[in-house]
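Before I ask anything, let me first share the structure, which is written out below as structure tokens.
Letters A, B, C and D name the chains as they come in the text, with residue numbers starting at 1 for each one.
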Amino acid sequence: MRALRKLSPGPGFEMVEIPIPEVGPGDVLIEVLATSICGTDLHIVDWDPWAADHVITPVTVGHELTGIVRERGANVVEPEVGQLVSVESHVICNICDWCRTGQGHLCSSTELLGVHRDGAFAEYIVVPAQNAYVDPADMPLSIASLQESFGNAVHTATVAEVAGRKVLVTGSGPVGLMAIAVAKAKGARAVYTTDISDYRLDLAMTMGADLTVNPLKDDVEAVLSDATAGEGVDVLFEMSGAPAAIDMGFAALKPGGVAAMLGLPGKKIEFDFDDNIIFKGATVYGIVGRRISQTWLEMRGLIRSGAIDLAPVVTHRFALDDYEKAFALMASGQCGKVVMFPDPSLSDGPLS
Amino acid sequence: MRALRKLSPGPGFEMVEIPIPEVGPGDVLIEVLATSICGTDLHIVDWDPWAADHVITPVTVGHELTGIVRERGANVVEPEVGQLVSVESHVICNICDWCRTGQGHLCSSTELLGVHRDGAFAEYIVVPAQNAYVDPADMPLSIASLQESFGNAVHTATVAEVAGRKVLVTGSGPVGLMAIAVAKAKGARAVYTTDISDYRLDLAMTMGADLTVNPLKDDVEAVLSDATAGEGVDVLFEMSGAPAAIDMGFAALKPGGVAAMLGLPGKKIEFDFDDNIIFKGATVYGIVGRRISQTWLEMRGLIRSGAIDLAPVVTHRFALDDYEKAFALMASGQCGKVVMFPDPSLSDGPLS
Amino acid sequence: MRALRKLSPGPGFEMVEIPIPEVGPGDVLIEVLATSICGTDLHIVDWDPWAADHVITPVTVGHELTGIVRERGANVVEPEVGQLVSVESHVICNICDWCRTGQGHLCSSTELLGVHRDGAFAEYIVVPAQNAYVDPADMPLSIASLQESFGNAVHTATVAEVAGRKVLVTGSGPVGLMAIAVAKAKGARAVYTTDISDYRLDLAMTMGADLTVNPLKDDVEAVLSDATAGEGVDVLFEMSGAPAAIDMGFAALKPGGVAAMLGLPGKKIEFDFDDNIIFKGATVYGIVGRRISQTWLEMRGLIRSGAIDLAPVVTHRFALDDYEKAFALMASGQCGKVVMFPDPSLSDGPLS
Amino acid sequence: MRALRKLSPGPGFEMVEIPIPEVGPGDVLIEVLATSICGTDLHIVDWDPWAADHVITPVTVGHELTGIVRERGANVVEPEVGQLVSVESHVICNICDWCRTGQGHLCSSTELLGVHRDGAFAEYIVVPAQNAYVDPADMPLSIASLQESFGNAVHTATVAEVAGRKVLVTGSGPVGLMAIAVAKAKGARAVYTTDISDYRLDLAMTMGADLTVNPLKDDVEAVLSDATAGEGVDVLFEMSGAPAAIDMGFAALKPGGVAAMLGLPGKKIEFDFDDNIIFKGATVYGIVGRRISQTWLEMRGLIRSGAIDLAPVVTHRFALDDYEKAFALMASGQCGKVVMFPDPSLSDGPLS
């Protein structure tokens, strides 16, 4: 089969032919129908310090996918062969205290698809059966594929009550965009969002944002103060990792407010605990991955509620063989979610 | 001024002329523009055992209202004279442990408007300033008036997470109808609702219910089992007080489910704790009134989010002077919320 | 090996010789060192309606035990051979939504040791490795053995905040006794307890109760009103299943109080939802089993904190061969926890 | 009466004679029997930047006290004249959204005793009646006096479950010392504590700490790793405000852990959000003041539970007239809580 692999440490990767992987007793073999690109994949291809520290080569890259179960191991109860599934990328140990108490997202032995073991940019992938969640057979493939990333948004939007409340989303990348939709679906009174890309702020409006602000052009503090009658926001979803956005977000947070932080600064930053957290009596949640399997159940319920339309997040589709174009577009930032199809005839929309 | 009063113990009440009430230092005088009828008011006019135990005569009946602040006491900071306000009907002591810890709805010295002190079916009413919540000046009067009752629905829908979850509402009176809308606005995956009145089940569909069941006609257990793939519902809002509905609701509740109970059976009932609560590991919340002032803030936020349209709940409008027709209609059950206007020229819809 | 078995439907059971069970790939074989008797075991020996509905014969009875791991299956990572372990009696599926979200106690495919599969009243038992929790090698065997039952108390005492609060425990059987100790260890301001057995009320005082009441002798309502200055209790742990105790407990509960219900009435009972739950704004939790594995971690932490001494709960020790005496004592109610030892020379206290 | 006052901006303060203050309609006049010194008072006497920004002169300093109600305003229902009371130092507005929802500690119009209005270092003080909490008549005055400060510890220890869990307290000043006692009273499995003063670490052991570490002498990371079998702690109470302690505390926090931050760094600090909060899925609570009145009720309950002995925290007692000695001692750090008595004959222990 074809697979897009990082063969050795260093920048770049290559499309190569490798054997279809073998299925262990608790595993399923999935034919990949669609696989979407995550920001992390850019770091891996570029071989940034995080990638150099974590990626184990050789490895097939990619971790967001949907596909059909083609084979399953002897011990597997579900899913069944022939079902459409999407995949949780964190392979967890099931034994540690976190796994045993519904906190598998904190498992210290987690293996990541496309980082520690072979991932999704290929025609086939093998994962533990428990990582494969059954989708409705008629779910659009691009939407099915991005669910792992959607799960980040749902996890973020789960830790704070948003109904009837004002929410600020700092950072309008794909996860931020989906967080806007989730907050609106859960009855947020208003969702404000920031980004330095007008392209993404336009997408934010499409996803339901009530107001967008570009800090390169607008006085964010003044705009938000005006929008909230000087009161600030009840909830902050920090999705950018940018120090300036973090400061801006906490400055806008009301006393008693809740902040959920998903964006990674990538280094130590200067932070004012007194005014941002302590005097405010604020609550801050660190958000990593998806609660396994709680978040997947909530994702399923939210999608089936009909209250969320993720279609606008998918802005571009490519044949997997056109991966170089897909990655170049991702690097430009002029896109939402980018989805690749090993068999381009299966794309659920026009290919770029 | 005119006031609809219960002059002495026993059934019935009378429209009489009384002086406009005096304003104490912490009070506001409100000119009543619209006042809606609650089921409790029917019990009071009929003088049922609860009424006989609680109502202190003579008293002006009614406790749901909106109006304009016309005068305020010396110590009042807000609201201002001329503002449109709606009113919390529980006058609380501010001193007991519950009042001091944000649980004023549990204050043991609560005085109820229209029960323990003069209420809303009149041209004017005096209430403590803290009971008057400012509304937008352009809010439709019928919607403004029913907010106290809406607060019951919001309080009920606040105790359980409904986003992405399946919710059963047993009882589709006005509060049940509004609870449907709140659950949908907060992202419920599906809302099922029951009632023995097809009129109200039709209203339930208008309010956003996904499925309605009339236990007089349908096999509720079979319908719900079918609708939930045999799994049952995650959340139960019990709004009827009917023993059969309580049994039916708990039977449909999933293990680990949450039930919020607002409807009052009015007497001891037979109940299976083993199967309904203990083996299921269920959580049950008793819901009384509104969390003061938490629920009012949430109501305000939900209404302003635009995610909730309460207009269909208001099915009939009457001049206050036509109170006999209004009460007869309420007693028939062929209605949603019924609103009366002391000055019928101010009605925000056609009068019946 | 010797095993105490129910060979066919109907009252009674027999000590018989059967082969040591085989170990599956995910299982461990445990040599049983101590095994304690639960109230459920009495129902099984007596073959009450619940037993007739649930027990699958032939089966080795018993589900509370500690012992040494003697063998383990090929896939087992922990525990290790030679370790002292105690056992969770609910064998869960690991696949359903509850198992996958940290709510394994609600797994609908649960198999119970001693009910659906061979249990603990034997020289050896096989259980899935994940059901065996490692104990410190020097833990007294009687304490190690009763941990499953202790877990019921810990689970009960986890759902409500008790620190600085007044707690009523209705029912002072072994689980109730341990719940007293847990509530005290967590900083309860006072723990009141009821039972109709003075023997158990004496044990309750030993476990830390501040006040005990025997409803056969005392006016419980008056005593509790006096003890709480008329305010009632903040928290109710209902451990008896007795309708009179349930009424008494809820009557004593403050507005805004929390009730955790573990005792099983065994049939429908009359209950006043209005006064007990709805007007009070009370919260009620159904408690079943132990949160797997959350409760085991908390149990471990509480025991190792040194704040809890469970030794007084164990009132009698027997050789397993003296099971008839042990069961007769249990049936009399003149005991706390009764522990049996397959090898009586290993008893950690004088045998009865 | 005598009062220790800051007469004008700048360092120092003076003991002067002023009239006994007048009692407003909602106020009580309290004869101060004991008044303890808080770290904030040192900042005020030294006139640091925070003091220069906030203190309104002339003002009587001090905000921790106990005393007898000598007079009350016309509207006061409780407390009664002659009762012993201790005082919440945050005078709140009762009108804003926070005050109205049980979050008075976040009231944006808060006036602080001894900062914005006359405080406790005097023979008499006037406060709103709702700020005066009744104490048992036989409560030791030094303990009664420090309850406001104890409330900081209780508030901190309320946000995270500590029962059966490992807790790290960074900073062993008076509030940290009391937080140790609260954590132990609530069933913490172990409490570890740090400080750079061995004097305070000795006090920490007296208050119940299981292990103390002085970062000037010990390798904190190694000691804590050893104490927790490499797992880290479940809960962090950050009571120092020192950047090094904050880093150390978060480094020791387990994935999924909870941090409550009370200590104020006083300036921006460098912080690693990725490793400390986000990847860990940690929850962080900013702690300010006491939840009014929730924390006072919990304090009362904890003290009356008998599970907490605060006596060792009080290391020194002075006559109010010896305030210069008292402040010099406080500045040295060789003390726990220091309490002053306007009438030294009322001291509940030997005077220094």
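Just so we're on the same page, a residue touches a chain if its C-beta (ideal position, glycine included) is under 8 Å from a C-beta of that chain, and two chains touch if they have at least 3 such contacts.
Keep in mind it's a predicted model, so treat the numbers as computed, not measured.
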* State which chains count as neighbours of chain C and simultaneously of chain D. => A, B
* **Pair with more cross-chain C-beta pairs in contact, given A-B and B-C** => B-C
* **Centre distance in Å when chain B and chain C are each reduced to the mean of their C-alpha atoms** => 43
* Structure fact -> chain A and chain B have mean C-alpha positions lying a whole-number Å distance apart equal to 41
* **Residues of chain B touching at least two other chains** => 103, 297
* Asked: Which chain D residues qualify as touching chain A in the complex?
  -> 98, 103, 105-106, 108, 246, 255-256, 261-262, 264-274, 277-288
* Show which residues of chain D lie in contact with chain C when the two form their complex. => 158, 163-166, 182, 184-190, 297-302, 304-305, 307
* Give every residue of chain C touching chain A within the complex, in rising order. => 77-78, 94-95, 97, 100-103, 130, 291-294, 297
